[in-house]
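Take a look at the structure below.
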């Protein structure tokens, strides 16, 4: 039943593989729902399409 | 007025053409709203970015 | 697999019952997916929280 | 940076308190991002407004 | 065409009236699209259903 | 705190740079929140994946 939509920048598939497993575990452990009922959808948004404080992430100095 | 957002894997344009027409008809028939008031937005998500049961779709054996 | 999120104003349950059945049929008929794989989530938004053309729906004259 | 939107039925605040902490940990552990960069938004949808297989959850026999 | 979904805590209608007008102006001025093509949907989420840094807003000390 | 998700067709980065700044100003001016608390996520959807009135935008005659 829980549908999880994640908005974040692009990530390697290994990281996403680990992330979706951990997010699903969070629901199983916190809500005692079956893992198969949990769906995770990752919306990857490029850095020139999201902003914090009115500044595109692409325009911010690299950390 | 109704805004419909669909999250699914990539599909051919012919299928999407048929799908958006049928979804719009569903609103016209069920809610008696004008077709022009219905918007359908399809968010295509690659198989390495969505998961059921903690497993990426890309990692599941092909059916 | 398809997750359908609908943003619209509040509706009676009878209308929603008909709507979700028709939306699901649209996916089954257009994409040949099993009905059980289709989820429909209706986000009901009051008229003082959505706007077209910069005007809240609650502020528009009743039709 | 990661914005997490959860669509699910209504839950007690204790469960939500535990859930948001675990989801945030999933991002910190999998992506090595600071916890403060993770936001979780829970959209609680009543059972007469979401459906699987074309049937409202409210219309399904209680488990 | 642009559909704008805002996730935030509950606000008075006066503030929302001003907000949707300003958001619509932002699209008209930046993208030169007609105001009538812009829709703004505000999803009001109570403080016990959203979190930053793994802590529910409701659990944070009032500012 | 406000998370703004925009669904629209693809746009040049200059337009998006101006748009996110203006949207953020709208929240600062209307709600008196700090700019750094506002996030804008632009979901760019190709014209063969969104429809008004049951017709894909890609299928509509160019204006």
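Letters A, B, C, D, E and F mark the chains as written, and numbering starts fresh at 1 in each.
Here is the rule we use: a residue touches a chain if its C-beta (ideal position, glycine included) is under 8 Å from a C-beta of that chain, and two chains touch if they have at least 3 such contacts.
On a predicted model such as this, the values are computed, not experimentally measured, just so you know.
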Co-neighbours of chain F and chain E - touch as defined: B, D
D-F or A-D, whichever has more C-beta pairs in contact: A-D
Same vs different contact residues, chain A with chain F, by half of numbers used: different
Furthest chain, CA centroid comparison against chain A: C
Centroid comparison with chain F (C-alpha atoms), farthest chain: D
Magnitude of the superposing rotation for chain B and chain F (Cα, nearest 5°): 120
Where chain C and chain E are represented by their mean Cα positions, the distance between them in whole Å: 20
Contacts with 2+ other chains: residues of chain B: 3, 5, 7, 23, 25, 39, 41, 43, 52
Touching pairs among all chains present in the structure: A-B, A-C, A-D, A-F, B-C, B-E, B-F, C-D, C-E, D-E, D-F, E-F
Residues of chain B touching chain F in the complex: 5, 13, 16-17, 20-21, 23-25, 34-36, 38-44
Interfacial residue positions of chain F with respect to chain B in the complex: 7, 43, 45, 48-56, 58-59
Chain C-touching residues of chain B, taken from the complex the two chains share: 1-9, 11, 15, 18-19, 22-23, 25-27, 29-31, 52, 57
Sites on chain D touched by chain F in the complex: 3, 39, 41
